[in-house]
Amino acid sequence: MPAEVREMCGVFGIFGHDKAAMLTKLGLFALQHRGQESAGITSSDGTRLYTHKGMGLVSEVFDGSTEATLIGESAIGHVRYSTTGSSNITNAQPLVVRYARGELAIAHNGNLVNAPTLRRSLEADGSIFQTTMDTEVVAHLIAKEGKLDFVSALQASLQRVRGAYALLFLSLRCLVAVRDPFGIRPLSLGKLGEAWVVASETCAFDAVGAEFVRDVLPGEAIVFGPTGMSAIQLLPRNPARLCSFEYIYFARPDSDLDGINVHSARKRMGRALARDYPVDADLVVGVPDSSISAASGFAEEAGIPYEMGLVKNKYVGRTFIQPEQRLRDASVRLKLNPLRRVVDGKRVVLVDDSIVRGTTMKRIVCLLREAGAREVHVRVSSPPYKYSCYYGIDTSSQSELVAALMSVEDIRRAVNADSLCYLSESALASSIGREPGQLCTACFSGGYPVPVADGEGKYALE
Amino acid sequence: MPAEVREMCGVFGIFGHDKAAMLTKLGLFALQHRGQESAGITSSDGTRLYTHKGMGLVSEVFDGSTEATLIGESAIGHVRYSTTGSSNITNAQPLVVRYARGELAIAHNGNLVNAPTLRRSLEADGSIFQTTMDTEVVAHLIAKEGKLDFVSALQASLQRVRGAYALLFLSLRCLVAVRDPFGIRPLSLGKLGEAWVVASETCAFDAVGAEFVRDVLPGEAIVFGPTGMSAIQLLPRNPARLCSFEYIYFARPDSDLDGINVHSARKRMGRALARDYPVDADLVVGVPDSSISAASGFAEEAGIPYEMGLVKNKYVGRTFIQPEQRLRDASVRLKLNPLRRVVDGKRVVLVDDSIVRGTTMKRIVCLLREAGAREVHVRVSSPPYKYSCYYGIDTSSQSELVAALMSVEDIRRAVNADSLCYLSESALASSIGREPGQLCTACFSGGYPVPVADGEGKYALE
Amino acid sequence: MPAEVREMCGVFGIFGHDKAAMLTKLGLFALQHRGQESAGITSSDGTRLYTHKGMGLVSEVFDGSTEATLIGESAIGHVRYSTTGSSNITNAQPLVVRYARGELAIAHNGNLVNAPTLRRSLEADGSIFQTTMDTEVVAHLIAKEGKLDFVSALQASLQRVRGAYALLFLSLRCLVAVRDPFGIRPLSLGKLGEAWVVASETCAFDAVGAEFVRDVLPGEAIVFGPTGMSAIQLLPRNPARLCSFEYIYFARPDSDLDGINVHSARKRMGRALARDYPVDADLVVGVPDSSISAASGFAEEAGIPYEMGLVKNKYVGRTFIQPEQRLRDASVRLKLNPLRRVVDGKRVVLVDDSIVRGTTMKRIVCLLREAGAREVHVRVSSPPYKYSCYYGIDTSSQSELVAALMSVEDIRRAVNADSLCYLSESALASSIGREPGQLCTACFSGGYPVPVADGEGKYALE
Amino acid sequence: MPAEVREMCGVFGIFGHDKAAMLTKLGLFALQHRGQESAGITSSDGTRLYTHKGMGLVSEVFDGSTEATLIGESAIGHVRYSTTGSSNITNAQPLVVRYARGELAIAHNGNLVNAPTLRRSLEADGSIFQTTMDTEVVAHLIAKEGKLDFVSALQASLQRVRGAYALLFLSLRCLVAVRDPFGIRPLSLGKLGEAWVVASETCAFDAVGAEFVRDVLPGEAIVFGPTGMSAIQLLPRNPARLCSFEYIYFARPDSDLDGINVHSARKRMGRALARDYPVDADLVVGVPDSSISAASGFAEEAGIPYEMGLVKNKYVGRTFIQPEQRLRDASVRLKLNPLRRVVDGKRVVLVDDSIVRGTTMKRIVCLLREAGAREVHVRVSSPPYKYSCYYGIDTSSQSELVAALMSVEDIRRAVNADSLCYLSESALASSIGREPGQLCTACFSGGYPVPVADGEGKYALE
């Protein structure tokens, strides 16, 4: 339950359906876990683009009547992550621009590592920027390629860009979906009757009743237009290295990423943990909601009963703030309550998907001990999180990552666990069903598939 | 997952703490599952009462600054259930009245079966009513007993009342908590330092860091006042018959009701189902969130893997409405998505806590079959729901209860299950850890512990 | 421009029109100046009452769709005054109660001087109160008269009540309008096609396109029911003594009260001032908006040009609060700006309708002097305001009324005027077109037509 | 009362005050009449810009706490006009961009006639646009002049632009105010202690307690920076031709534009009307609020009493919509009510400031006749409005301007007046106190001081 990790965004697009905006709203609903800060949809009826976006959840931004004003048979939508503070309507997506070829809307999940460099270069040429989003850089690059047709301009632009992304473009007549050359961010293709759909995760296809067709390939562009669908290898196609953290934490358990079901992968991670780091215990508890699958896998493999040792209050939202120092403890308990009758006197295996700063884990172990747990053995279904992500996951800087600063034994002591074991990188890969080199595991290994720019790394203009 | 069943309310009170209103807010947060329609708090500083109430969730009604205006060292709070339509600020609680003895606030969970009769009698005597709540009847009765001290007036009033209730009263100097003579609705007593707390469920004690002391006894009043706490057997004390549906569905798994943990009871219900109605299957799936405990109990007892076969979208709230007929199916999928990779080709045991109208169950079985389930065996962790509740649970009228209209075999056919079995009443009782006569099971057996009034039964003035 | 004086309320009713609620909304719009704190409408379709009320302006409470839910052919509506602080949805009207005869809604403009006494007596008999409004006392009294028909019960109840009021009652089948025995608060009767309308002011008739029929007489009840309209002299009919402050300040200039147009009366007050207290000056300025009529009357009579010497910012609403001490002056200027080019170097006659505490007048004189006015002669179109009103106008207590504390000369010095003259009581009466005894001038003379209760006077339970 | 005419915007800036944003809010309050659709403020603390903008009135967008987050000692603010439909947060100002020189905020009142041409040219060079505002064109032009210092870049950019404007620019360290070469849009300079202020109208200076210094000259730029204030004749300085409609309708009566008080000018227009088009009548009525000054001027000159013959309901806002056809008439009356007792049987001179489409005037004449007016003589305090404005006033297209389509006699008949006279252009100019060539009167004469682009004229991309 790494509250300190934040996924950037989710994208959804549909082409050729008379309820395009309505279905995009449904798709965004299914992708809501990927971003709760803002939501937006742009549609096209062939004569102009229609956009509505706002701060908040999809259900807050689109109230039932709003999407009815987004007419047309194609649409793209976007949900954006939640941060504290600098959230801003200006940065809500889709980004809509007018340029020489007309109107263009862009929805983007990911991060461009060389965006600051490109931005400075564009500014030196007289460009103006109205947002702090990488996406605006892409729009400028495309507009600069004025002599080329759109797909060629897109190709020329993306050749200058380095990073991880799933990008959707909507013009009056076309929808284009592109995935980065390493396939770090997920993007899938589906079909709903005659209409085509694309989405960050397949759970969005289920939400609209679409069928999964295939995943978009690394470096591939899928173009939907008046003459139908065509797939173009826009950029060099590298061996896929999908973000392993999508499997570990971000994606919904009912999504299949590059052909692998997320819940099943998590369960295998839990099983691997149980095999590699067995422990004599009375029950297995998962941190809700993201670690339930791994915990049940651990329990099954170890033959130890799985129990609901922690109950999450689903009504405690992001806005709940507790002003008084002395009420803080109560506030923690509000969100997560240990089940005293279940854990009292017991030796507990606590399964979580990751430890970022360590503060949450420390509190949970403390809660379990207060509830009477005799022993608390922590099992983490991922390797130690040591390196910052530059590909679209907004974690803290490396100086805040506990595994970058301490040994496992020191972390164990810090969180006050009786034992602490992390899943190995190779066990992670095999649990997912890949070779180690077939995933992005930069946050664990420091092996960044896309070089990170000039020592500065993460793009943080604001 | 009976969306058709609605619990009435939750109550919380605290006496003798300088953060009374703030802690009441935390307590209501923990009880939010018992009512999402409205929330309210009344506090007392010994000179007057302070009240704030509004429509919506606790976090919407109390924004952090509001509760700061509710000064004083004692407070009571209330959350009210959500319905479609007639929800109304007039019916939000606490109900605050001024009468001969000064100000009085009342918070109420439950239902009085003879309220219409009492109301007519009071009206005939010249009383006026401003709400449609039973609670207003209680206020009138107390005010009429002008010559008696408050506790005696309360006793005289409650002797005229028949029903199921947990009632909290707050005057300038006292807080009184009363539980109905059969203890049908739950009410527990706790302690937070020197302060006393009462709540519908013990999870609210955990939320404020209070310790459980004991449950309030049937017919007992606990009086907190300037001279301390005293317990009075206000009404005849019958053998306790706590509502069995609190264990089956309403209460939070981390609450202990009359000494029994809800999660553990549910797990035993699942185990009993597995023993009594075994089935040859590949996996066990529970309907989230309320049936997870029972499903995992079934899986453990049967030795069949428990799987996350259905994923719930936690962002789909009560306000999501789908206008278009042809998008309805998508709307169902939005809320609950089957995990195709898990259920495809499998024989599934589907555990749910109850079947009320049958429509939800039919849709879930259909979703699983569409996802490839080869067989779907439904196991319900409660007996057939055949009789309307008159004690505070707002189900549909009996004519809408599918088990009142059809045989089990007919229901099985209607929901398109391969098999369908219900937990027996005796297994239910033993799973909870009681004798059959020690619970209210009126909705299953028709045996109403408190006689239901004059053939009309349920009070429905509006 | 006495910001320190607050009128209580405005009422509107309609009987026998298929757009009853919609027209009531229009009527309340026209009466909005009488109260901006809350608004509410209750309608009847003969089977039940429908109510919607809320805090804020009519346009905020009724958004176009809300009034559509208030079905039926009769309705009453209410707007309530704005105060700082204790404003509260509980006190919004119409007050709706259920009692032996069914449902009853009440809308009330005015004040009952013996309400506290009646309330204590009712409480002693076991009654409960949920609001702090006089109106609730009336509802109790009516309900107590259970054996009588409604009109008789109303008569018996109002015989026990002392005060000033315009009261509207709506039951399932009838609408009843009553005016107090001295006619202190205004109430008029009109007709719109076949439908009957009643309103606090005739401007509401214009708003709905109704024709004025006559004013309701002191002590008279007008009953609209299935058998048509009937007028009943419910209480002793005293010689009318309409509140003179309605003419001076409250009522809209386009309203006719008891047959006299408000604008014209104000203009005559200005003329009388000019005749009685002439002054050698260059221009006449009225304090907007309420003193424009009197100022133009003064200018015409005196033959001095009337000028727009003060401009009011119509966008500065009640919620504009200036936190910083040093920005206060700017805040005053925001609301009222002197027209420097007009007043610079000039001798100004400043006409205002009244001086309550004197603080506003002091600031305005100061503004004019800063803008270059050489002399400022204040002329007030009413006598010195010396006595608190107990009949529905919520002024400050007598200890805050500057004219109760100081001589006219002292006030002149305090507000820094070159001269200060008040209209005499007899000139006020003749300007309105009445004999002195035909108006309520209690706030000027202390001659209260209805005796004020037991030395405590104003009812202030909260 | 030309509801069909809409002024674009108002601007306010302050440099060197520690309450910059707070005072900008006060300034915008005073300019609220120039735009009610959106409001925004950008401040600078020397290290970055802070912006808040939103839809609605200043009091809705800035709630007291918002402006506290806009730190720094310089700020610019903007209010934007209200339209039906295409209002959009994207078009709210200030527009904030990042470019090679850093951050820049722009607030703009006016219109650029060659914006579409410039835009196409910029797009051809690869620029992208995110709004439909002219202002964005200016931002692009400035950014393109990368080698020049800011003021030189501004000069080079504005040399390419044709139109009418008051422009405010805020960078980290400087605030620049520019007025178009003909001074068509107003812009004044003031001083508040050590701080400098600029505003569309001087009433904003009064609101913040600033003193008027002088008007910005045509083509002049005033630069406020770390080294103080400097005035630069940035563009050729033409003889001033301030928009005559500012005097006639837009500006607040307490503002002085280019040294002339608006109220006084309007009063002289009314006097001129009375001299040039006398009429035998009983009273003079002005259409509130904008025609009150002219009407009182007419009354004084003609020796006919000025009367409040029409009362405006100040609570009827822009959002009041009347769905039902049969309630439309009531809706008109809601906003404007004739004073029957004043006009009944009388010969009325009705003074209005302009007639655009004629529909409003027709309704008002009709209201007066229904209220009993024997004759209605319309006097318009401006010449016939025949030509569309391309300089920032969003009137209807020429095909909707009644004076472009009909003779005066035909209009008289259409609005059902007994007589109809317009002020002549020369009388207009002399009333204002200018020679005819010293004002922009394009809407009356078709003589556009700035050539309107290529036959297409008005810029209407959206």
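Letters are used for the chains, namely A, B, C and D, taken in the order the chains are written, and counting of residues starts over at 1 for each.
Following the convention adopted for this analysis, contacts are C-beta pairs under 8 Å (C-beta built on N, C-alpha and C of every residue); 3 or more make two chains touch, one makes a residue touch a chain.
Computed from a predicted model, the values in this text were never measured in an experiment.
Visitor: Considering chain A as a copy of chain B, what rotation angle in degrees (nearest 5) results from a C-alpha superposition of the former onto the latter?
Guide: The rotation relating chain A to chain B comes to 180 degrees.
Visitor: Taking the mean of the CA coordinates per chain, how far is chain C from chain D in Å?
Guide: Averaging C-alpha atoms per chain gives centres 36 Å apart.
Visitor: Distance from the CA centroid of chain A to that of chain C, rounded to the nearest Å?
Guide: Whole-Å distance between the two chain centres: 60.
Visitor: Taking the mean of the CA coordinates per chain, how far is chain A from chain D in Å?
Guide: For chain A versus chain D, the centre distance works out to 48 Å.
Visitor: What positions in chain B touch 2 or more of the other chains?
Guide: Residues of chain B never touch two or more of the other chains.
Visitor: Touching pairs of chains, all of them, please.
Guide: Applying the touch rule to all chain pairs gives A-B, A-D, B-C, C-D.
Visitor: In the complex, go through chain A and note every residue touching chain D.
Guide: Listed in rising order, the residues are 89, 95-100, 123-130, 139-140, 143-146, 461.
Visitor: What part of chain C is in contact with chain D in the complex they form?
Guide: Listed in rising order, the residues of chain C that touch chain D are 19, 22-23, 26, 29-30, 32-33, 36, 57-59, 64, 203, 206-209, 252-254, 256, 261, 263-264, 289, 292-293, 296, 300, 305-308, 311, 313-317, 319-321, 323-324, 326-327, 329-331, 333-334, 337-342.
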